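You will see chain A twice below: alongside chain B first, and alongside chain C after that.
Let's look at the complex of A and B:
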């Protein structure tokens, strides 16, 4: 394939046409997976909402598996493949390594995903997302997962090879940009993840064929979670990279300190994957030393990294806005921010919900002692819907609003609806997560078709408030699915039937093109004077006082939630 | 995002050791794999393998 490039009229970057086609293909399939996952989500939420209770038991568990694979694996990983191709080529002005092999990888992933879909929808893989033995699926299910993983791992290898090409051909100077560094972090975590996937799915595939007699369930859980949870840590790294990118594109966000931000990414590389041990905190096979070292001492290094990014991204936006002249008061920069730009609003909502809901609940229920009152309750999906969906999926949607004009060269369709889509989706997800979290706090189990236990020989009474919070969960879920379907409609219309971006004059407003592209943020004429004033004699709050206030609000919320859970734990068993 | 305080790199100047370490993708990859495979996977395997055999009553 010839190395044909085009020059992006907005950014001036050289875009390799072959790599751009791979970005497009992966992004389109990601949206298809999102559509399947969103329809499944609607069916599930209308079943767990006890007053509606839509699906019969068999279909509830079947659709739960479909939802898990499409949302947690296919949508997210296809989009991450698009992010990797974009970062290593467009952001480094490089040609891709072996684009033909890239298409082979794409085909492997597509065939694998199609096989998994076929097995799940036909009822031959009713083993949920985790597929714990002794539950056994059709061998084609495991083979499909293996093919998908091999394809994804090949793309990660091509990503690393492209980095080598870019360095050798000197397409960039110095260190790679911070956004690419985030993508490198995601790629390294992907290697760790997919290695564990191979370690567990290959023997399980052989077991399903009858070649080996058994798979030890405890071994399976240990290694499978090295895949199942770590795959969501790829998301975290990719999501943070997207935050940095969108902060720069939308409001001219600056990097406060490259060393600090890169150190935080290195902490992810070293420590974030061991969050997998959270799922094994009540398993009998592991001692407290293994559990605490993995989920506390080492894992907290990754929590520290997330808190660093959670500070540097908004602080970078605040400083960037102040350098553009928005210097009034503590939050003048926030009031003047482009809230009608879905790329900006989506990114900010992703940061807020990921940190305040996903982060706080995750660290709390990941504490070994507290985990005993949260394990296998709806608090767990309440947590990860706030991280993976409100955080990662929202960030990917926000990025799409910029990728549509920059990569697909199409205007964003239904522009007026696109402006409020992030708010609808985020509010819906927030209600869903809070509803699940509160229901779980009352002991409502996760992955359970009927908590009224109808026809069971025993009776379990839940607090009547559970009906209320499950209704909140249901309403939130419907809102979120509506927001997701709206995003899909916008993306499909834009890509396949959208108006070409054409030409525009810098500084003008063009409906359908985010303002960060048509009117890129630039520093004020007196930027040096503002910068000096911001850094001189500001005392403890430094040049970003608004973000410092938000940090203390976050830490206060964190402490309240954390210690409330210790109080709840103390009331679990009455002693004496 | 751009760093307003970072001067343009001097092509003749060798980057500091910390930056060279952070820029070494292969070192990061190996370190990430080793930490996870030793602390989580390897230690976890050992915990399971060293469990005494359960006996039926």
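Let's look at the complex of A and C:
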């Protein structure tokens, strides 16, 4: 294949046309999966909202499985494939390794995904997303997952090969940018994750064919969560990389210190995969020492990493803004930030909801004993909708607003709507997550068709407050799905029927192109000098006092929520 | 000493291992200290706290466990509710509960403030033990006997909701636990509640 490049008019980067096609194809399939998942989400939320109770039982459980696979696996991993291709080629000015094999992997993933969809929709895999044996699905379901995982694993291999090519052909100088470093982190975690997937789905596939007699249910849960939870850690690493990328593109966010940010990524690689233990805290198969060491990522080293990024990302933005002259007060930089740029607002909302809701609830309910009052209640989906959806999906949507003009070279369609899409989506998800979290605190189970228990032998009367919080969940869910469908409409219209970006004068505002592209947040020529001055003589709050205040607000909220849960736990029956 | 101002999109020339500013060091230090608090709380609760999900865990043959449960139910049965035996074992004894699609077997009748060793396992697939409204949640799976010492702290009529998807009738799987007051009197019951089947 000839190695044709184009030069990006906005950033001056060399972009390989073959790699660009791969980015586009993966991103488009991701959006299709998002569409299926979003329609499923609407049906589910209208069923769980007990006052509406839309679907019949069979279809509720079936659609729940469809929603899980499309959102957590197909949408997210396809988008991550696009991110990996983008980072290793466009950000490093490199050609891709073996683009033809890239297409083979793409097709393999597509076939696998199609098989899973077919099995799920035809009712031959009513085992939900987790497919815990001895519940059994059609062998083609497991085979589909295996094909998808093999395809994704191959792309990760090509990503590493491309890094080697870029290094050898010297397409960049020095060390890779931080964003690529984050993508490498995501790729390493992806290898760990996908190997777990192969390790558990291959024996389960053989069991479904009758070749091996049984799969131990506890062993399955242990290894499966090495896929199920760790795949969400690919998301975390990819999302943080996207945060750094958008911080740079939208407000000229700087990297305060490479050592600190990169060490935090290394902590992810070393420790974050242990989090699969979060799902096994009230399982019979493991002892307390195993549970404590694993659930805490060996003494919360991955939490430390997230708390570091939670500081360095906003601090980098603050310093980036201050260096460009927005120095008034503690929060002048925030007030005067480009809130009308969906790439910026989406990223900031992702940081906030991921940290304050997803992060705090996750660490709390992932505590060995506190898990007793959370396991399999609606608190669990309440938590992960705040991380995977309000965090990762929101960040990926925000990134898309930049990828459309930069990679697809199309203006963002429905620009006026695009500007408020992040707010609608994020607020909707926030309400949904909070509604689920509070309902779960009252003991409302997850994955349950009918909490009025109309067909059960004994009545169960939930606290009347549950009706209220489920209504909040329902309204939030409808808002979020609307936001997601809006995003899909914008993406599809832009990609297939969009107006070409054309030419613009730097420094002007062009509707349909995020301001970070037409009016890039460049730093002054003497920025290093200004930076020296800003650092000199500052004491404890440093050059980013606003962020310092914000992180302490975060820590306070964290402590309150965490210890409140211990208090609730202490009121239970004695148990142990 | 400072690295040159750059964004996360720029390659970093040379060595990027440079000292961090004090503000960052302070935050990393505080975050680390908080992580140690988070970590210490779990062993501390094993030592001082009253709720721990450890118990005694053994492998068991699912059919043998069901047989053990049935023998236990027969031994201490006091009455029957909707076809399910109500079992009142003596305080301090080993008590058994089997989860199966779509039933919790049997109904347990316990005395407030007394301790029992509760063995739970599943006959067929994964189930979720969710004691309502106390909000104790445990994963129950076939082949594993999950035994925990439990001490009720209030009399009442409790439910066990299945909160792990176990099949198409999952949402009908509800069991019952009765806790009498210290004197052995039932403080409430659900005899007026509707019986399942027709909605």
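Rule of thumb we're sticking to: the second predicted complex is superposed on the first by the 562 of 576 C-alpha atoms of A that agree within 3 Å, B and C clash if a C-alpha of one lies under 4 Å from a C-alpha of the other, contacts with A are read in each partner's own complex, and residues count from 1 in each chain.
As a working rule, a residue touches a chain if its C-beta (ideal position, glycine included) is under 8 Å from a C-beta of that chain, and two chains touch if they have at least 3 such contacts.
All values derive from a computational prediction rather than experimental measurement.
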**Message:** Quick check on the superposed pair: does A:403 touch chain B, chain C, both, or neither? Answer first, second, both or neither.
**Reply:** neither
**Partner chain in contact with A:569 - chain B first, chain C second, else both or neither** = second
**Request:** Examine A:226 and indicate which partner it touches, taking first as chain B and second as chain C; both and neither are also allowed.
**Result:** first
**Request:** Once the structures are superposed on A, label A:43 by its partner contacts, choosing first (chain B), second (chain C), both or neither.
**Result:** neither
**Asked** After lining up the shared chain so the two structures overlap, which partner does A:558 touch, if you call chain B first and chain C second: first, second, both or neither?
**Response** second
**Prompt:** Which of the two partners, first being chain B and second being chain C, lies in contact with A:351: first, second, both, or neither?
**Reply:** neither
**Request:** Using the touch definition from the top, say if A:166 reaches chain B (first), chain C (second), both or neither.
**Result:** neither
**Request:** Quick one: name whichever of chain B and chain C touches more residues of chain A.
**Result:** C
**Prompt:** Is A:184 touching the first partner chain B, the second partner chain C, both, or neither of them?
**Reply:** first
**Request:** Would you check which partner chain A:540 touches, where first means chain B only, second means chain C only, and both and neither mean what they say?
**Result:** second
**Message:** I'd like to check the shared interface: which positions of chain A are touched by both chain B and chain C across the two complexes?
**Reply:** 173-176, 178-179, 216, 218, 244-245, 247-248, 253-255, 258-259, 262, 280, 285-287, 316, 320, 323, 527, 531
**Residue ranges of chain B touching chain A (in the complex, touch as defined)** = 1-4, 6, 9, 11, 15, 18-19, 22-23, 25, 28-29, 31-33, 35-36, 39-41, 43-45, 47-48, 51
**Request:** Quick one: which bits of chain A touch chain B in the complex? Just the residue numbers, please.
**Result:** 160, 163, 173-176, 178-179, 184-185, 188-189, 191-192, 195-196, 199, 216, 218-219, 222-223, 226, 230, 244-245, 247-248, 253-255, 258-259, 262-263, 266, 269-271, 273-274, 276-277, 280, 285-287, 290, 293-294, 298, 316, 319-320, 323, 527, 531
**Asked** Given the complex with chain C, which residues does chain A contribute to the contact?
**Response** 57-58, 61, 91-92, 126, 128, 132-135, 172-179, 182, 216-218, 221, 241, 244-245, 247-249, 252-262, 280-288, 291-292, 295-296, 299-301, 303-304, 307-308, 311-312, 315-316, 320, 323, 363, 367-369, 371-377, 441-443, 445-451, 453-460, 463, 523, 527-528, 531-532, 535, 538-544, 548, 551, 555, 558-559, 562, 566, 569-570, 572-576
**Prompt:** Inside the complex, what are the residues of chain C that reach chain A?
**Reply:** 2-14, 16-24, 26-28, 30-32, 34-36, 38-39, 41-43, 45-46, 49-55, 57, 82, 84, 115, 124-126, 128, 130-146, 148-153, 159, 161-168, 170-176, 190, 193-197, 199
